[in-house]
Amino acid sequence: MTGLEGAIVEFFESMGLLNLSVGNVIMILVGLTLIYLAVRYEMEPLLLLPIGISAVLVNLPLSHIANWPIAPTLPEGMEENIFATISYLNQQYGPPGLFDLIYYLLIKTEVVPLLIFFGLGAMTDFGPMIADPKTALLGAAAQIGVFIAMLTAVALGFTLKEAASIGIIGGADGPTTIYLTTKLAPHILGATAVAAYSYMSLVPLIQPPVIKALTSREERRIRMEQLRPVSKREKVIFPIVAMIVIGLLVPTAAPLVGMLMIGNLFRESGVVERLSKAAQEELMNIVTIFLGLGVGSTMRADSFLTAQTLEILALGVVAFASATAGGVLLGKVMMKVSGGRINPMIGAAGVSAVPMSARVVQRMASEEDPGNFLLMHAMGPNVAGVIGTAVAAGVLLSVLG
Amino acid sequence: MVSVSEFVEGLNITVLGVTVVFAVLTILALVLYFVGWLERRLVEKETPAPTPTPVFTEAKPEEKPVIPPRDLAVITAAILAYTAEKAAQLRPLPFRRKVSDSWRLYGLQTQMEDVEDFNYEIGKW
Amino acid sequence: MVSVSEFVEGLNITVLGVTVVFAVLTILALVLYFVGWLERRLVEKETPAPTPTPVFTEAKPEEKPVIPPRDLAVITAAILAYTAEKAAQLRPLPFRRKVSDSWRLYGLQTQMEDVEDFNYEIGKW
Amino acid sequence: MTGLEGAIVEFFESMGLLNLSVGNVIMILVGLTLIYLAVRYEMEPLLLLPIGISAVLVNLPLSHIANWPIAPTLPEGMEENIFATISYLNQQYGPPGLFDLIYYLLIKTEVVPLLIFFGLGAMTDFGPMIADPKTALLGAAAQIGVFIAMLTAVALGFTLKEAASIGIIGGADGPTTIYLTTKLAPHILGATAVAAYSYMSLVPLIQPPVIKALTSREERRIRMEQLRPVSKREKVIFPIVAMIVIGLLVPTAAPLVGMLMIGNLFRESGVVERLSKAAQEELMNIVTIFLGLGVGSTMRADSFLTAQTLEILALGVVAFASATAGGVLLGKVMMKVSGGRINPMIGAAGVSAVPMSARVVQRMASEEDPGNFLLMHAMGPNVAGVIGTAVAAGVLLSVLG
Amino acid sequence: MTGLEGAIVEFFESMGLLNLSVGNVIMILVGLTLIYLAVRYEMEPLLLLPIGISAVLVNLPLSHIANWPIAPTLPEGMEENIFATISYLNQQYGPPGLFDLIYYLLIKTEVVPLLIFFGLGAMTDFGPMIADPKTALLGAAAQIGVFIAMLTAVALGFTLKEAASIGIIGGADGPTTIYLTTKLAPHILGATAVAAYSYMSLVPLIQPPVIKALTSREERRIRMEQLRPVSKREKVIFPIVAMIVIGLLVPTAAPLVGMLMIGNLFRESGVVERLSKAAQEELMNIVTIFLGLGVGSTMRADSFLTAQTLEILALGVVAFASATAGGVLLGKVMMKVSGGRINPMIGAAGVSAVPMSARVVQRMASEEDPGNFLLMHAMGPNVAGVIGTAVAAGVLLSVLG
Amino acid sequence: MVSVSEFVEGLNITVLGVTVVFAVLTILALVLYFVGWLERRLVEKETPAPTPTPVFTEAKPEEKPVIPPRDLAVITAAILAYTAEKAAQLRPLPFRRKVSDSWRLYGLQTQMEDVEDFNYEIGKW
């Protein structure tokens, strides 16, 4: 009966419980916190719930659902070759778990962020921006937050590549953050993705104090003229023109902006409803599942439980606040120039986080003056902010990538 | 420019290809005639007995509840009118409808009202 | 700890980045103004002639069947009431409803009643 | 005209009809039988129909839809490296057909069985088990059938790895069977998968005689108290707790149980309906198609047409019957201990085959006493049986894998 | 401040606008034309819109959405090995863009065309052909156009492999064209795919003059007897029988015909509605998106902007016209043989382009005699044409592949 | 033929496996009992205060519009009859219905009427 006893001893030794590290326990608690926030307060549940639960799963020791490291040390010249990399990882660390396949084949190859952008394009109505193109500038101004956060991160000792990935959190754009971080600093992907999605949920908390500090009551009460109607033809031409203009000026932003605009063309053309619906629903849902699971699987104790992660979370607030400030300040300039016909608050919507920040602006306007409807005006900077962040990511990629 | 041998090979392929396509579809057609003949024989055999899947075709009419046809006509017309009315109401406003739909989902954020309410409450700004 | 040269490079990137972002969005805005101007010119040209896609917007109202508005109102109200009633009946029971839905599909087995009936019949246990 | 004649002769020589082996013909007939059972008697049509039709297709000679062998002889050290393996197979056997890609990239990497488990989690209501946790033990007892069938298989001369794959058929859980067989004995995948799904359809035939033999009429007439209601909070907590508990105790079961519980959390959280729906429908349907086609493509004459296959089919009956007996016998023990408040028949539902075996129990109860409603009580062991089988598979993997 | 100036100069130098070639501009205009045709005239929008917009995107210089060449020069012996190929391309040309992954992993492996055929099978009702099997011959006769166009292409100096890919355009079957061209002459994939889909839209323009030239008014007025009803059993048996017959006779056509028939069996069996719906909708929509993007991404200036492309477009018209003629001429023979009970026009529907050419026949019949209903009779040759083209592709593959 | 050592190892695995399966499910059951006990304690605490999510369960009944039950019954019956009728009408014709659906999509071509109209117009043949 020693064979059996041996087997039992061996089984206990390979039991996850006895291999649980303090780091694992903390990460499991972090995952549970994300689940709690997602379920109880509905903070971006579509992403924080999958991220949270897969963070729990990958931190159960020896579970074989994620066997490969997130930022492995590779032989010379292999880093750029994803197919050589996965074959090497398989040789070194054994067969891939499901989450390794999701991370290396779908996230690291940028397939998932780009398909999310494709779906977002199919969901987005750029009408408010087409009706009032000058609001696009407010979407540009909000990107100042990206660079302020980046400089602060450099000042805190992060490398430029890490700092850029942290700064882009201020773009309030989940897929762009994941796209850039995967390319520049994959070891902090978990932290930047969680920061981006968490703060997007907290926009109604972060923005109002900043807006109030920078505007007077009179400014917040400014009413704006109704937007002109936009024809179907303009809506169809917009994604094509935007893709060409941005693609020619900032080629590194072309994949992101290109997929966004292809999705938008599918939506506005009106002749491919099957595909537009698929981009928004079937494909989007499946891709979102893989995005959440893949990002969550990067939240391992060794790369996540560092002082850096706390700094990244703090820098995220800096990024969001300074982005809001940038938008509002340009809003004030435009208010002056236009002779008071522009409400500076709509600049705050330039951080994107669509449509949360536009709704914040609307709510603050209603509080001062219940008859003031700014939502559609705030939507212009709001969608422009998505494009602006993609362009900013393109510049960072072209300089640092 | 054109190699003659290539053209001849092309001709050979053509003869082979046309023959095979016709042969295959002819054989398929013959098989289908045979299947159809089998089917008719089977049906003939089955007809004295109740048909194998009569439930689907026969059961339905019996399920039909007996209500006066005039009443049914009135109600049906009314419902159709209502549906048409509803469809007509929706059609002229595809823009608005799409907007609300899309913004709700954009940024992967659902049910943000509740989130905001929560945030506004605990924020008390 | 912080290398000054890194920070200076960060500043350079910032200047470049902010400039490019503003330049790109400004150009995009100008293009959009131009497209809007073109659109208005095209529409002006087209207005004397019938609009290019009038079928969609105009055909609908004509399709509306003429029934007395009072009757329509009554029926509509009744249907809405019915729908509301139905929704109200479903809402308090999400648990039960989900259950039946899920069990039916679970194990990838559909329409198991028929299978069971068959099995019970041939089994005769 | 000799060129043409040559081409014709060559064409005839490469014609499938003239290369048809007896094995091919038999396998085509096996495939047609599966199709007939699926269409005429609706036996698990969602899997047996795709399996049957692709078994027909891969046995048409030279058809290039599946060019690679299922259990190839690989160079030293390549077995564990899936990426090196497919590159090697491509070199040896030519470009992959569609079914090779499905089998090697989706089935062999366990992507498909795990995604099926994810979808099953999103479809499953664990409420009955949460309401009455002691029924979980009945789900454990039914796993005895797995081990009895395994021992019988060893006694018949199967290797331990094959025997374990055969035993798990008794778990009445298709994806778990496929998961374990792919890892331990891929050359018998066709046989075990077909056995698992076929017998799942035949549960109403296999179980009643066993249940009747082991219970008296009085025992079958025992009525049970209504289950307590389960709160939403408990339902949300359950998948998280189950994942952590099982993951820490049996790490090798973590991928299966983890994906099941992630799916269930998506379902019960109520905040990610888009994703829950996608897991149950879009993703599930697509994955089921690939599962059926991939499993069917393993049914080649050389690996399927052996005496072993008949033995496996026979052992499957042993597995199901002994699993039923195990459940019922523990049910009788629990009946005694509880002073007759538990109907021993609900133990039979522990084999899972959700919800077929629970319905069998309900039907047998109604026959003895039309007012006896056991369905919900039988659902507890039923869903516990899914977890139990995954745990058993985990143990087998950790010892033999 | 020289660092900044240097960065600016560098940024401008890597700007797409300054790297734009004349070829890029022309290709962008071609892409815009396809978009215009798709949106304004709804010419096959489900494919021409994605193809057009991705042709625009890949021709924005340096955009990194498609980094690898379409028809690369590979080391000896690597051509047949797709996995070695992508690893080599990654090494040579850098990490793959999204469109490279779509093209090399989904199009070049034939996954997408085969899944489209699967979905088409689930959408197709072969009833009219089952009801009147002799119409299958008309679907065969139309394939003459494939071979006439092939011979013409050889005469114009194309290689046999290119000529076969061009000829198959006359089959009026998008996925078959893509399947064959990918295998035989991938460098002209863009041209043949665009030709196939464009002319499928132009069938109502191309066919009527040919039909009118070959038939008299009396012939066009021939009425046909109503088709016999087809039982469910026959519809279920058909895909199985067709798969086996064609698979045994032309193994190289087995993948295409096999997937078509699996899809059709899912449809007609009536027991797997979930899967049939998934094949027609979820999976079909997603696959169609990737097909359009992947094909469009092959439209690069260097391979598309050649005199060959114009020749291919011209040959496409030859192919469609001669296919129509072939069908009508056999129709006339069958009319004679049957003693005037067959309307020769239904032969024109044999080019497939389902259901466009059948509708053309119906419309021409109605014009001569408003009470003449030929639609269902034309559907027989129409669906037979799909099978015929797949068989023709199989023959070409077996001889040239 | 059968190696005795393999069978003994199989027995060992069986003992280990059965033990682990029972142990794991027993622990899970104990945890679930604990969760259930916690839940009851929490609910007891919460009951004096308004329940945390009362909106869903209580709001619905109040929304119910007050219409005479007899009228509601009549309308409901009529609608059900109409629906049944509609279902009955559709069921006997799956063939036709499927046809139109499939042809419309086949060849990936949607809304071909418009295309044809365009083509016929510009073709003028």
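To keep things simple, chains are lettered A, B, C, D, E and F as they appear, and every chain counts its residues starting from 1.
Heads up, the rule we're going with is that a contact is a pair of C-beta atoms (placed from the backbone, for glycine too) under 8 Å apart; a residue touches a chain by one contact, two chains touch by 3 or more.
Not measured: the values here are computed from a predicted model.
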| item | value |
| --- | --- |
| Homomeric contact subunit A-subunit E: same or different residue positions, threshold half | different |
| Of all other chains, the one whose Cα centre sits farthest from subunit F | E |
| Subunit B and subunit C, separation of their C-alpha mean positions in angstrom | 20 |
| Euclidean distance of C-alpha centroids - subunit C vs subunit E, Å | 31 |
| Whole-Å separation of chain centres (CA-atom averages), subunit D against subunit E | 39 |
| Touching two or more other chains - residues of subunit E | 7, 11, 42, 45-46, 83, 87, 249-250, 271, 274, 282, 288, 395, 399 |
| Per-residue multi-chain contacts in subunit F, two or more chains | 9, 11, 13, 16, 20, 79, 110-111 |
| List of subunit D residues in touch with subunit E within their complex | 7, 11, 14-17, 20, 28, 32, 35, 38-39, 42, 45-46, 49-50, 53-54, 56-57, 60-65, 83, 86-87, 90-91, 94-98, 101, 281-282, 285-286, 288-289, 292-293 |
| Subunit E to subunit C touching residues, read off their complex | 3-4, 7-8, 11, 271, 274 |
| Contact footprint of subunit E on subunit A as seen in their complex | 80-84, 87, 109-111, 114, 236, 240, 243-244, 247-252, 254-255, 258-259, 261-262, 265-266, 269-272, 274-275, 277-279, 282-283, 395, 398-399 |
| Subunit F residues within the subunit A interface of the complex | 8-9, 11-13, 15-16, 19-20, 110-111 |
| Touch list for subunit A against partner subunit C, complex | 129-130, 133-134, 136-137, 139-141, 143-144, 146-147, 150-151, 154-157, 159-160, 163-164, 231-234, 237-238, 241-242, 245-246, 249-250, 384, 387-388, 391-392, 395-396, 399-400 |
